[in-house]
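Two complexes come next, and they have one chain in common, chain A, joined by chain B in the first and chain C in the second.
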Partner chain A sequence: MIARLLIRIIALAAMAYLVLPLVVIMGASLTQTSYLAFPPQGLTLKWFGVLFDDPSYVSAFITSTLLALAATAVAVLLAVPASLALARYVFAGRAGVSSLLMSPLVLPYVVLGAALLQFGNDFGLARSFEALLVGHVVIVMPFVLRSVLPLLTPEQRALEEASMDLGGTPVATFFLVVLPQIRGGIVSGALLAFISSWINVELSIFNTTSALNTIPVKMFNYVQYTIDPTIAAVSAITIVAAALVIILLDLLIGLDMLSERQQP
Partner chain B sequence: MQPLLSIDAVSKRFAAHRALAEVDLVVEPGEFIALLGPSGCGKTTLLRCIAGFLTPDEGRIRIEDEDITRAPPYRRPLNTVFQSYALFPHMSVADNVAYGPRRAGVGRREAQARAAEALALVGLEEMGTRLPRALSGGQQQRVALARAIVNRPKLLLLDEPLSALDLKLRRRMQIELKHIQEKLGIAFIFVTHDQEEAMAMADRIVVMNAGRIEQTGTPEAIYRAPATRFVAEFVGEPNLIALEPAGPGHARLAIGGAELPAASGMRFAMARPEDIVLVNGDVPDDLATFPGVVEEVLAIGPLTTLFVRCGETVLKVARLGMSGVELRPGSPVTLGLRPAALHLIAE
Partner chain C sequence: MAASRTTLALLLFAPLAFFAAFFLAPMAVVALTSLTTDDGGLTFAHYARILFDQYHWDVLWVTFRIALATTALCLLIGFPLAWYLVRIVRWRSWRRACVILIVVPLFTSNIVRSFGWMVLLGRTGLVNQGLMGMGMTERPIRFLGTETGILIGMVYILMPFVVLSVGNALAKIDTALEDASADLGVGPARTFWFVTLPLCLPGAVSGAIMVFALAVSAYVTPALLSGGQITVFSMLIFQQYSSVFDFHYGGALSVTLLVLTLVLVTLAGRIGERGRRAA
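The block that comes next holds the complex of A and B.
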């Protein structure tokens, strides 16, 4: 009894620790003062107005969203066939390919960003949306790989064989048997990929310009000189957007399928 | 009649391991074949070559006139019941069974009708709307069977399909499978390592060992006249009595000393435990007798096995029911066997 109560208290404390900073930042975005204040002094939405009146913020929002969507889409399209190949076939250099694809997880993004800038220069692609996209695909692909690969088990392989045994061509087998089985992994991997692209500063900062900017880089540059509630407003929008995406996903496919493996 | 399946000199290697070595096999339409052998003998490899999940390194596999050695699994006129059942977890039982007809181009309504018919055949007509995980192991096994026969293949491959079931259910399914096979007239190739299962179900048993076929024959031939010592020991309990040369065309039993006609090169005479009898009183003329001492008595109900030491060798003697349980270790007995009825084995 006491143990259960203790667990509840610890759980609530942990949740508070995670959630309270978000409450603070969202509260601060509503303050009437021109500096960050919590609890907010007076209530106003003017900082959101300032934000939407600033074309550099609006374009950064658009760039970040397009970049994260495109990077996630490309990463899924590359990572799903890659994980099928890694799980299904034995070929020379398989371990090497696997480590290479996973390596962005352990390499500092700063290094990747600098390398991308230098490499992009040689191709005339430096500081372009295309260069950013290439960089983001590289860093988000491991998230999709890591969530899809563990689903391609020997039991899953047996299902594919059953499908082919029953007359399913490889294409039919992929869409009718493989895809439904790894859908949860793809969705959770894509979610992580989208988020890690959206919040990336280290790689993007080398490859952005004043005209081509992402939200986190823009914020990073902004807070170096000024701290006012527009920063809180940007954060609040991001938090609300993230919450909306989570709710949408829950309504569409159910979040429980992201948190645990489906029983066979 | 043209054979349904012909396997000619099929070999398969995995790196240094020789999984199949020049295997030949012919299966007639409607036959029930058991592929029997210990794990690692190549029986599953052979089945996967027939199904198309593996391609042989050498040799040919034909179904009727068609060479299918290199055909992909989805173009072969046969189906498989997998050891793990491999039911699609995201589809209802009916959709699982309708999967085959749908891939063959049958319309949705007709495919569902065929699925319902196949499910009725295995006694699961009520279960169509459930998900596979809501069924018991035995029911899943039936769904796997229904799914594999719904397209009416000429040949059905079964990879140890009953191995996950408990003993009683297993016995019941053996009989049921045999009835379904006879009713549909589909040829079955049934992989198992359980010799009783093979004996109970098959028209012919193919005993495999180390990538080779040791013997092909009816259950009776395999049991009564095993071609090799391996077959004699893998199927049932043999008593192997060494033979000593005794002039041209004859040999002498190392136990009891009886002489019998034997081709040269024969090294053992095999007697099944039920071939050896306990002798009391009158001895028929054709019975060779010899003394022994009981070492152990093992009574399991329908059968009692006596372990009797005769010199160097311990012979197993089987008796029906509980007769013989009064014997104690150390009791002297007289054993008898008919030399003419013994089966001789070269190696």
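The block that comes next holds the complex of A and C.
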């Protein structure tokens, strides 16, 4: 019983530890003072206004959004055929292909970012939107693969074969049979991909410039020199956006993965 | 069969070409540069520089020390939290809310999360106010620019991985095994030690690997919380590519970090595999 109580206390303290910084940032973004204060002194939304009046923030928001959207779209277009190949075919080097495509998950992003900068330099690609894009595609693709692959089961395959037996062309079968079955995986994978791209610093930082900047990199460079309520306001926006995406994911695929005795 | 080979080739062509061009080729360029001099001759001098320089060993040691402590603390705090969520919480909605609260930080950038700690851990931050209010310290404790500060931020950022992987493993354990152990007259502590723990070990190990690998290569959190006082390995790489512009030496550092990470991940993966087979 004492052990149980102790676990309870540690767990609740851990939850507080996880939530505290986010609450502090959101609170501090509402302060009326021109320095960061928590608890906030007075309530105002003016820091959000300051943000939207600053063209460099607006353009960073646009760059980040376009980058995350494009990277996700390309990653989905590459990951869906790759997962079909990995799930449907037995071929020499299959394990190798699979680890290659998954490896960005464990790779230090700093290394890949540096590599893309240097590689880009040789081809005149460095510090461009394209250089950012290809890097982001590489790091977000594993998320899509990982959520689509488990859906390509033998049962799913049987339906695919039935469609072909009934005279469906491969293209029609893909769009009418396979795609609807893996749509859930594509959507949740794409959401994860979008977020991972949207929050990345380590990879982007090498290929951004003051004119071509993403939100997290801009924040990173800013926070090292100044801390003020505007930065809390940007942070608060990203926290709210993240929370919305997660609630969406929860409704879509159900995040209650910790329920006891769930199906493995 | 020929038709299916063609389909396979069609399916794999674009993803593999993309990865070859924008993942393998850049990495190869880095590896190659790390082995050459400015005029293209082969050299191991850049690696020798890392190997024989005391400064690098110091930085590596700091990096590993922080990563090890981070992993240990993540397990120490993450395990009870996972246990609580899977075994103790009865109210589904509360568990669901907790899971969402654990995942939200994962979806928020390292900057935002580290920034939160910069505010909390400052001289007049909430943590120091709290400690002084409770009379635990007379003067504000300096957290920013110390390893403790970095550690607080790193554990915070990486703990969700442990909670999720241990929690998943715990949720999959068939509690009938524990009941059987109890029926055979084994006490709860021994049942936990000999039945439950081995069963969730693979989950804990895979979570720990993930945390350790991410901690070794972490850049943003240490950069923000160190306030320039402490250097970790990824900062060395960043310096070479952003201010020193020595791609040869930067390349050697990158390859070192990459190899270290891969070795660790493979090693720990083997351990996890063995645990899974034993269980």
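We adopt the following convention: the second predicted complex is superposed on the first by the 219 of 264 C-alpha atoms of A that agree within 3 Å, B and C clash if a C-alpha of one lies under 4 Å from a C-alpha of the other, contacts with A are read in each partner's own complex, and residues count from 1 in each chain.
Convention: a residue touches a chain if its C-beta (ideal position, glycine included) is under 8 Å from a C-beta of that chain, and two chains touch if they have at least 3 such contacts.
Values in this document were obtained by computation on a predicted structure and should not be read as measured data.
Novice: Hey, is it chain B or chain C that touches more of chain A?
Specialist: Here the partner covering more residues of chain A is C.
Novice: Classify the contacts of A:A242 with the two partner chains as first (chain B alone), second (chain C alone), both, or neither.
Specialist: second
Novice: Considering only touches as defined above, state whether A:A14 meets chain B (first), chain C (second), both or neither.
Specialist: So A:A14 only meets chain C here.
Novice: Please indicate which partner A:F129 is in contact with in the superposed arrangement: first for chain B, second for chain C, both, or neither.
Specialist: neither
Novice: Once the shared chain is lined up, is A:E155 touching chain B (first), chain C (second), both, or neither of them?
Specialist: A:E155 sits against chain B, while chain C stays out of touch.
Novice: Classify the contacts of A:V177 with the two partner chains as first (chain B alone), second (chain C alone), both, or neither.
Specialist: It touches chain B, and chain C stays clear.
Novice: Regarding the shared-chain residue A:S163, is it in contact with chain B (first), chain C (second), both, or neither?
Specialist: In the superposition, A:S163 contacts chain B only.
Novice: First (chain B), second (chain C), both or neither: which does A:P81 touch?
Specialist: Second partner only.
Novice: Per the contact definition in the header, classify A:L116: touching chain B only (first), chain C only (second), both, or neither.
Specialist: second
Novice: After overlaying the two complexes on chain A, where does the chain B footprint on chain A coincide with the chain C footprint?
Specialist: In chain A, residues 262, 264 are touched by chain B and also by chain C.
Novice: Going by the contact rule set out above, which residues of chain B touch chain A in the complex?
Specialist: Its residues touching chain A are 51-53, 72-74, 79-80, 82, 84, 86-90, 99-100, 103-104, 133, 147-148, 151.
Novice: Could you pull out which chain C residues touch chain A in their complex?
Specialist: Residues in contact with chain A: 4, 7-8, 10-12, 14-16, 18-19, 21-27, 29-30, 33, 77-78, 80-88, 92, 95-96, 98-105, 107-113, 115-120, 126, 156, 159-160, 164, 167-168, 170-172, 174-175, 210, 213, 216-217, 219-220, 223-224, 234, 237-238, 240-242, 247, 250-251, 254, 257-258, 261-262, 265.
Novice: Under the stated contact criterion, what part of chain A meets chain B in this complex?
Specialist: Chain A residues touching chain B: 155, 158-159, 161-169, 172, 176-177, 180-181, 262-264.
Novice: Which chain A residues qualify as touching chain C in the complex?
Specialist: Within the complex, chain A contacts chain C at residues 4, 6-8, 10-12, 14-15, 17-22, 24-25, 28, 36, 38, 77-79, 81-82, 84-85, 89, 91, 97, 100-101, 104, 106-112, 114-119, 122, 134-135, 137-138, 141, 170, 195, 198-202, 205-206, 216, 219-220, 223-224, 227, 231-232, 235, 238-239, 242-243, 245-247, 250, 255-262, 264.
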